[in-house]
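Order of writing sets the chain letters: A, B, C and D. Residues in each chain are counted from 1.
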């Protein structure tokens, strides 16, 4: 091959690079390792992480069982090693599954249209805020303090330089839901979006209807965000919202130390052209057969450049496919039953612990302090091979002493009873 | 003559919603070991839904057949050459999939105690160091989820630096050959885009640069090698000019597959850049994602990197949130960890020398294609080819055949097409990136196919204009799709 | 009209030997942590080979493409109905694949200490009990590797029993409807085969049985339901007749999918039988294997079972080799353990009631097909249908179209054909077993296809005789293959 | 569906079964379990087996690294969930890989033809013996005592009732290879086959040429059997054999407590029609395209019935495919290098231990007794998380006190040094 391109050596191929830019030494990276060594290396790293613990952590990342079908499907090279389906004629597999994904997201959220995926739940929030600003031509963003703290940080970083003003409004210290009065007091004609998360960071199911009323009264859009997708198997979908965004990690996406996950954006048909990211549409081929293709590309960066609705290009397609397989396997009845199991487990646990908030909750809730620092309680739990809840002081000084705990279908009764046992014992020590 | 493919039957498959039948289930849950709670009682009537209308109801075997059948409609790297220019569609090693699924890694919760996360943090630290060495930069953040996300992060870093110097400035210079994400990113970061023309060799027009670069210039976003596959030979001068005006140089590293082991952006004046780990470092594209857009910076930008940062303290890794100058986080948690694991596995498998060899093979393959196709397709920019080559459809356009048509015909020959109509500076572009993955056999089949299509354009343009002819779905009507968007399934009733 | 499939391009692929190029490698070994030994020195020049002539030399990506491309030429259960009669091609649950790969099971060495093998032994013990319960027998051996191997084991058991009674006897009675492995097995066990005719309802001809069954008869090998999918209604009388003569009843359990949960061979006179775990219990057929041919016996045959046997001693499982009457082992180690794990997972997933439901669904599907196709295809045996139905091509043969042609045409309709020309008692048999896996949608498509083919036979027999028309490889010349066998690749030179 | 077949209920479908045969109660098997429960059940069983030990066991089952590509390929539904390729037009994938398998087996063994697979190595031996009997019309089978004991037991059980007489001949107490004199003394005109294993059960590389000379001199066929396929990457293939049979477990087939594995049979072209089992042949389709199909079916039970060459029907296709992928990934150079690593590891270990036999060995060898019972040594090794070798007394009373140890590319130096350490320490205790 070298001969046919008239090169003497491989080095000739970059001989034209200016001398000063050429890298003369060898990269300081150990020589290539065998597959066997690589597997052993990562097994060792894995063994330095937690394994064999039962965990009560949720807070945006949930431990749900992954049906084996999910990996069976996403491991097929035809899905795993293909790229964005630009060439519809040889990408109908991916295109069809995305179309089904968009449909299922609409069915789950009560929205009319959805896109092919966002990076994750946290980045879907600023995208929703920007979308609301485009729709309303306003610049104010009101976000509940009961929205996931890291989502709020992401929102702040992302919209800061596009002229949006982000203001936080309070949660109700009693119910744990949004403080409607505070929200109302902050609403005015400059507000583009009111952002509420349900179930919120404390696990509380929010009163979306009320929030919608207030937002719409002052001409703002309501953006509803979620982190625990399984709740949608049971909760009334946020039909009154104008935009729904959130995180699908709960749908057979392993926690994987925080990613890759998959975010979604869904909205009303009338805002379709304001959605960021890829969208798949139905059409026909030259023979009149039903076919699918990427559509409404004029919203996107490769056509619109600086005027695009977003700069997103690569999304989370394969992860969205995992969620699609999950939704298919569980289906209508399964997802509901799964949600009921989560609800039941969390309520079993809650009955034996002091709850900080009174509002209705799904599968996580805040445990009030018992006099002992939560970090201390967690230390004791670790000795029982249990990873406790998330101490809240880090994000909510006013809730220091409390911890956020979660129970899913994978949390078994023994573990919950053990947790309660330790909690009570520690409480005694505190007295 | 088509030598690479033959038609074979593939199974038709309705949408899940069409094949659902009430009551069918594909799952079984464990028995509940606690009392079942009544949803309405616990959450309130008004908060509970009756059902998920229209949601799928299929058996397990129907589910696996559904996705198995659909998968057979796809083309993939596992099936052959995937020469999408700028996308670096290289082989995705299967061992990377295996290691990313090891329980202790796949099931690590981002909030689990640091003492029980040392393995994950070590993986990220080792990868940060490797990427710093490869790029010649001083620090790396692994937080961004993809290239565009990395661009956004990088420009925010520049903005923060300039603000700390008293003035964020107004403009970002972007060559007209740049990828769409560059201007879109500049806009999202609150900057004006100033268009920088290219010269006839596809490189930055130096006069124009000198003219446009002023005290209002925050940065230049440059892709190197650029999107015509050409190395910006004046890159050090370019950087000097920017720096002379107190501006920064951002490099879009999407084409880093051309440089790994042979040149380092950190050595030619780049201040900040992103890497697409799903391109250069072989993590699977998965039909469109996930990716990872790691960002590498020079020391002066390090203070502004997103929180949290890895910190070594008393022989343990810890997450450091105490970073007063940080731009904040660009996403929740720490990054697409599962993708990072795969990228590190790729780097370990190659090692320093192996990475350089891969780069040289990528250059060899691109030059091979350029050389063999130049007689048949117009190659507008005469500069040396790096990892990809960009032709124009000028010769074929005379017969009314455009790059998009040639692409469709290529499908009949058993290949995924090249990137169509990008970059914009090449009229009717055919952007071809073979990567180092391909052997001579596959490349020769591709070259033969392209030459044969060039002949068809002369002899029988209709054949090309109506392609593809051999796929289960032939040419798709994208215009109608956009004009009357149907983006979700609805029951027949509603449609009527 | 063909509604189930459309043609699509599939990649051609040469043989590995044709695509090899010298020096290409797809592997890397770990560094050797001990001194490398010189083979010639250690083993002697004459004992060491220079190279493996002609062995493949391909890269990793070429390897995965090779097998991925080839796989697309296959039909599979994962793609649709696979109605091979007598083969019980049911869905292979993926969870079974997952559990069989759990390290502690997949990497257990058969000679590792029993104290470190209790989990594997427990799995086998639980499975033995479940199979005994399902068959109504007293003891089970899991050693045989497949059905035929189980038959051989079972007949050896009978022989050992009879020898212990002083006379192994000479003959084994086998119905003319039996599968070929039955007579082949009888022969390998040193017995003469006596052919037992069937009556017009496809059942054993009782007079003939009475006539043929004598003191030289060692056993009857009966399949129940038999190979025309009919339950032998006289089975208890049949058993009585054999036992009356001091002979044993062997049941070929290949069709056990028709009985699980509704009837037990142990309850109707069977002394010994085999099960095909790769049929009734869903373990994957894998293109022809592996299987498992577990053998279940009544108490009087238990002493003769192959060594070793599981034994519970002081709360631990142990392998008992102290079995003086045992026939010995029929293979090394304990059986196809990986297959046993899958079978147990299947049984656990269904549970007692679920297993019966699966059986009833299998009967329902077979009866559904029989009812809908009876008007179009000759159904010679009027007895009630169990899990499969057998038609003959009599009506189509009039137009010169035989069962093999109909089968090939079925491929164009997107289905794997039924079993062709078996059993031998049905002239031009079409043997159809849908299994419980299939839903109404898939069955209706199949029925429509069969009816449509019946019409084609009337209107355009040529179309059927030349089928398939839509596959990448059309009708294969099997005659030449057998006449001039080429069973391995050779370099072109040698061929010339 | 019930209606369309005129049945009132599912129970009606078997109402015709005679009352006395119907099973009236429910099977005494616990109600169906969820996928999650099943996975947990088998994880628990697995945890009751050895995990995390380094092992020196070989003796017919070897621990070699399994390239991940193997599972990637055999997990594809198109291979996993298809059956015997009776219908060539939709089975070219399986047929082509079998044809490649047959070819590679010939290349490895130096034979001219091979079949699609046997159950395993042990059952391939009686099949080879019966084949030799058919070819020669003789009834004597001479089998070396250095053939795997369980293979010999299988041989005895399997051929007993087909008029074959199996006689064992000795191994040389000094070299560990076959005792040529004893073999010669037992050879006569009634002998159909001389069976030798190489490397033999003691790991010794046999002198196949000499064995062939003797066998052929008296008109018998030489059957060479192997249990460690990796050795063929380095050893001169047994070209002088008439039939080669053996076990491919070493080729990426996990030990799986003894199965499923894959056996092979290869021989000279002239004996092709005497081979048992499936064979794939090359031919053309109606368009003249190269195609493959099952062939020479007239040898098989479904055509020939009691006159078939064997009763085998289902074989080990998917396992043979694993071996095919393994051979492809390692290829010409890799398999040799792998063999050299095995050789080197075993010799490193052997240098530090007393070897019982002098003959050349590949990757296993017999360690002489050191005064302590091998079971005792193994007990001590277990406390070091090491599974020792196989005590030989069980199979060879005359070798009681000795143990068979194996080292492969997966046996690392530390483990070997630890093994030696324990062995020496125990020896000291013995004195």
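Here, a residue touches a chain if its C-beta (ideal position, glycine included) is under 8 Å from a C-beta of that chain, and two chains touch if they have at least 3 such contacts.
A quick note: this is a predicted structure, and the numbers were derived from the prediction, not measured.
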Chain whose Cα centroid lies at the greatest distance from that of chain D: A
Of B-D and A-B, pair with higher C-beta contact tally: A-B
Centre-of-Cα separation between chain B and chain A, whole angstrom: 21
Distance between chain centroids, defined by C-alpha means - chain B, chain C (Å): 47
Overlap residues in chain A, where contacts from two or more other chains coincide: 32-33, 35-37, 39, 67-69, 72, 75-77, 289, 409
Shared interface positions of chain C, touching two or more other chains: 6, 24, 27-30, 60, 64, 68, 72-73, 77-79, 91, 94-95, 97-98, 349, 411, 471-472
Parts of chain A lying in touch with chain C, wherever the complex brings them together: 32-37, 68-69, 72, 77, 289
Contact set on chain B toward chain D in their complex: 6, 27-31, 64, 68, 94-95, 97-98
Residues of chain D touching chain A in the complex: 35-36, 39, 65, 67-68, 72, 75-77, 409-410
Chain B residues within the chain C interface of the complex: 3-12, 19, 21, 24, 28, 59-62, 64-65, 68-69, 72-73, 77-80, 91, 93-94, 349, 411-412, 414, 437, 439-441, 470-472
